[in-house]
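Next come two complexes, and both contain chain A; in the first it sits with chain B, in the second with chain C.
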Partner chain A sequence: MKFALELSDGFGPSSGEKNIAELIKKELSSISIDLKRDELGSLIVFKEGKNIKNHGIILSAHMDEVGFIISKINDDGTLSFRKLGGIDNRLLPAKRVIIGENRIKGTIMSPPIHLSKKSEMAIDTEQLTIFIGAKDKKQALEKVEIGDLATFDQIAFEKQDTLWGKAFDDRIGCYILTQILKMDWDINITGIFSVQEEVGVRGIQSALEYASGEFGFAIEGTTAYDIERDFPEESPSTFIGKGPAITVVDRMSIGTNSLKKIVEGVAKGNNIPYQFKKTVSGGTETFYLLNQKNIPAICISVPVRYIHAPLGFCKKEDIINTIKLVKGTAKLLEFQMKKLYGGK
Partner chain B sequence: MAIDLKLLKKLTETFGPSGREDEVGKIILDRLTKKGFKPSKDVHGNIKITLGNSGNKILITAHMDEIGIVVNYIDEKGFLKISPIGGVYNEALFGSRILFANGKWGAIFSQTTNPKIKTDFNSLFVDIGAKNKEDAQKQVPIGTFGVFHREMVNLGDNIMAKALDDRVGVYILLKTIDNLKSKKMTNRVTFGFTVQEEFSTLGARALAHSIDPKVAIAVDVTASDDIREKLYLNMTLGNGPTIKIMDSSLISHPKLKNFFIDTAKKEKIKHQLEVLPFGGTDAGAMSLVKNGIPAIGVSIPARYVHTPSEMVNKKDIEGAINLLTTVLTKKDIGDLV
Partner chain C sequence: MDYLKSLLEKASISGYEEDLKTFIVEKFKSSGLQLHISPMGNILAVKQGTSPYTILFDAHYDQIGFVVQKISPNGIVHLKSVGGHDPRVILGTKLIILGKEEVTGVIATIPPHLSSPDERKKVPKIAQMFLDTGLNYEQLTELVNIGDPVIFDRKIEIIDDYIIGPGIDNRGGVYTLLKLAKWLKVYDNTATIALRVTIQEEVGIRGAQMLPALPFDLAVVVDATFAKQPLANDNYTFDIDKGPTIMYGPNYSREYSRRVEEKAKLKKVKFQREVEESVRGTNAYGYRTMSGGKALIGISYPIYNMHTPSEIVKYETLKETIELFKIIVMEFNQGSVQ
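Then we have the complex of A and B:
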């Protein structure tokens, strides 16, 4: 799972996913595939089936992570910014960030507790700035420019049975897709590594023009809030360590019921632990797999504690079980397609 | 032509929240098959038949789904937490009964008396009479869909039922098909019974995409406010079906709009014009498919939409069937646009 950590460390806020695409290309360089980057930058990986060449499945995961875009360089050398994707303002003060092609390091300002009133603890992003060590605007402009992208600055690591990092939403999906693509398949597998999911599920829409298949799966890292909380009567969404989460319904789409039953059957038949996502929240690429391709589709996720935050973690066993579940489901569909379309 | 109350009762009382429309679909499939048609069902659950084999392609839809809920969590005591499927009207929920997909029942109530948040979905829970968490999970597992069940009641001029949005549209389409069955068709009219209108309009989009019609029509309910007169809406129960001018998802194609109004006038079909400042239907969804499809809506005014006691007028239903039967046999409808 070293590659999962490597992916999390990659630099890829929405619209700046080039680095992630390169990491994925390198990982897949040893296998026989067709690669295409579409106009928006999504990476479409086509692996032709050994036996069946006109039928297959589509898997999608997004390469982008939540981050920032530099919107103004101030006279005092600090940088104003806007968020790319949903990040809670309360998380921002005093966090380290890494900015632009030159990977300039900076820190988001934080009012010292001695001087701040309680009511000022969560500050609008508009009022927050990033300090990069520049003493004035001129010096700052030598290092960064307006439009530079930034992410949280956090190196991923492994600790006992968990993986920690800044971008498991959705590099964990990217990781799983690469592992599936490396396996032997008799049907076509199209892996879409999409861009700009966090800013409105955009990349998948153009990428799907280059993909075809009979079933669709969005692979995600999703919310797990399964710790002791203020409101124990509210849903934690998913639990880490309890297996892949199947999304029955999210904010944008309802997973195809027949496919949901198939996935559940595969999990039960192979003793793979699984859970349903227990909140109707978030929108995923499932919507476009359903809508644009008119195919049954569903989202399967790895539970991650603290997504859209500087540091999150997930359980290795959940990743392994998600791969097992996606693989098992795809193998079952492969078997069915071979029965339908294979042979003479 | 009297209203077939038996059919409408069956349609409205059948279980079918967005994403779980199979039972409603079965009624439609069985009826159409019995009448000698060969209906087909697509991957999402949309059902369609086509009348006529030459002329312009027209797609007319009514959606099979209704609003509902899905169970997303079960707490330690065995109470269910739910999320809405579609635009559920929270204020109407206290004491409502939920019928789940597997036939189990539950009651909705709030866990707080705080008036500000007591109708939020976070505060609502469903009691299925379970002993504890395990018992609840066994009876109604997470991911189970439910609807706000009520029986249909005939009120004389009006009908009161759940899911009239949009089973009344389904009813109108089925009756229009009956009317057109023996007529010579000059258009290729596809009747589509769609899924997930209340959630994402997936069904109508997929159908419009695959058929690529010249004109798309959605038959649905619209809001009326003829009681309180606070919303300044023109739509009134009993004044006839409405011809949609616009809602928040669609401005009806002007030529289609004029065609519908002219036809209604010529045939002396009582009708009213609909400007709905909120809400949307499959018509809006279909209008955005492919290169943009000219679309319009025909609606039945309804009181208390998205509650278990929606109310419509029988005359409006008859009028809509009449209007659609007339319009769909006019050859020029597809040549307009």
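Then we have the complex of A and C:
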């Protein structure tokens, strides 16, 4: 799973996903596929079926991560910024960031507690600035420019049965897609590595113009905050270590019930642990698979503790089981399509 | 700067200073100073002079951190603060438990999908935060016990002339004393010069007040101060690149400070003036009150983001601090002002 860590370390705030696309292209360079990057930057990978050339499935995962965009360069050499995607303001002070194509190291400034009133209140992003070692605007302009993008600065690592990193939402989905694409398929597999999901599920919309298939799957790294209580019987969303999470309904869409049943059947038949995501919050690309392509679609996710944060982790077994479940479901659909469309 | 970086990578939270202690003791030894180490961990390095006049330099070497307070059945670690933390910088922060092995973890953060806007306005108390190592109770209790120290991730960055990382307060000061020790090796002193590196300042100036310290005539206390930065009251902050501050106020001996300033001007060493009226604060208070009213000079180096995992100091300021130390040694080598 080294590649999952490499993907998390990649630089890909919404609208600046080029580095991630390059990592994915490199990972897939040994297999026979057609690649396309659309105008927005999404990477569409088409792997033709060995047997059936006109039918297949679409899998999507988004390449972008939550991050920042530099909005102003101040006279004191610090940078003002805005958030790209949903980040809790309370996570920002004193965190390290990486900015722009030159990967400039920055630190979000945080006033000392000794001189702060109301230290129990979160500081508004508007008031925070990033220090990059520049003492004035001129020096700052030698390193960065307005519009530069930034991410949290956090190296991924492996620890016992867990993987840790800054961007498993949704690099873990990207990782799973690459693994699925590397397998042998008799039907067409279209992998969409989309952009700008975190700023309103934008990339998938244009990317779907270049994809076709009969079933759609959005693969995500999703919210697990299964720690609130001393005993883990309660989770507001998903549990880590309990298998892939199937989203029945999210903020934007309802997973296709017939497909949900198929996925569930595959999990049961293969002894793959699975769970249903409990929250309805958050939108996924499922909506566009359903509405734009009019195909049955559902979202399957790896539970990640602490997404949209500087550092999160997930269980390796959940990744493995998600791959198993997606593969098993796709194989079942492959079998059906072969029966229907008369392959060997 | 690599030297400073390796110093900052040592752990030294108040009451658990051993790791850095070993480092400091080694460095002092190589400077050929006489060493006295108290059972609690105060380190005194002395270069004997020929006159009875003694100048004592002090820097506390502890840093703020946490200790493990409780391990929940679900593997979540609850922490107690050691020193004055800012809860606003703790959520989402990577920490390391110094157990049987080092165990990394992160302070849990509720994803914005699951929290309300009102909830996101208010920062929880540290006692209400959760340290998550990804290990379950059984795995964790093999490695970690109640009372184990917890430090910020050692993420030390050098950007141009700036050093960024946790615990620069006051290990930057420790660095200046270690460098002074090196210089003393070749300096022909008349007065006795004592360098005292002390524990447990962050929990209430405890180390400096632990007896016995060497009797001294003049004490020089070095510590971090606040650099000018957004959202910090301008009345208490100093430019990060205008040199160390020389302290004025009830804790400090005005005449001595003035003499240092005069010499600094002649030698073109940058400095700023700082006022501190409080009784709390730094080891200066400790020395001032326990010494029977001996002379005291305070030197501080401005840092950004004090008491966060991302404190920032200008390397040049630490070098200038050492220059001020040398001025003090040379100026008072023959005794006091009067």
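Methods note: the second predicted complex is superposed on the first by the 331 of 344 C-alpha atoms of A that agree within 3 Å, B and C clash if a C-alpha of one lies under 4 Å from a C-alpha of the other, contacts with A are read in each partner's own complex, and residues count from 1 in each chain.
Definition applied: contacts are C-beta pairs under 8 Å (C-beta built on N, C-alpha and C of every residue); 3 or more make two chains touch, one makes a residue touch a chain.
Fair warning: this is a prediction, and the values are worked out from it, not measured in the lab.
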* Overlay on chain A: chain C relative to chain B, clash or fit -> fit
* **Dominant toucher of chain A (residue count), chain B or chain C** => C
* Asked: If you stack the two complexes on chain A, which partner ends up touching A:109: first (chain B), second (chain C), both, or neither?
  -> second
* Quick one: classify A:291 as touching chain B (first), chain C (second), both or neither. => first
* First (chain B), second (chain C), both or neither touched by A:209 -> neither
* **Partner chain in contact with A:126 - chain B first, chain C second, else both or neither** => neither
* Asked: With the two structures laid over each other on chain A, which partner does A:94 touch: chain B (first), chain C (second), both, or neither?
  -> second
* Structure fact -> With chain A at the apex, the angle to the CA centres of chain B and chain C, rounded to a multiple of 10 degrees, reads 130
* **Which of chain B and chain C A:279 touches, first, second, both or neither** => both
* Name the contact category of A:252: first (chain B only), second (chain C only), both, or neither. => first
* Where chain B and chain C come nearest after superposition, their Cα distance in Å -> 10
* Structure fact -> Dual-contact residues of chain A, meaning touching chain B and chain C, are 232, 236, 279
* Of chain C, residues touching chain A in the complex -> 72-74, 76, 84-89, 91-94, 104, 106, 108-115, 120-123, 125, 130, 132, 134-135, 139, 155, 157, 159-162, 164, 226, 229-233, 236-237, 241, 304-310, 312
* chain B - residues contacting chain A, complex -> 18-20, 22, 42-44, 70, 72-73, 75-76, 81, 83-85, 111, 122, 142-143, 196, 199-200, 202, 205-206, 209-210
* Asked: Inside the complex, what are the residues of chain A that reach chain C?
  -> 78, 86-91, 93-96, 105, 107-116, 119-123, 127-129, 131-133, 135, 154, 157, 159-162, 164, 223, 225, 227, 229-232, 236-237, 279, 281-282, 305-313
* Can you name the residues of chain A that touch chain B in the complex? -> 232-236, 246, 248-249, 252-254, 256-257, 260, 276-280, 287, 290-291, 294-296
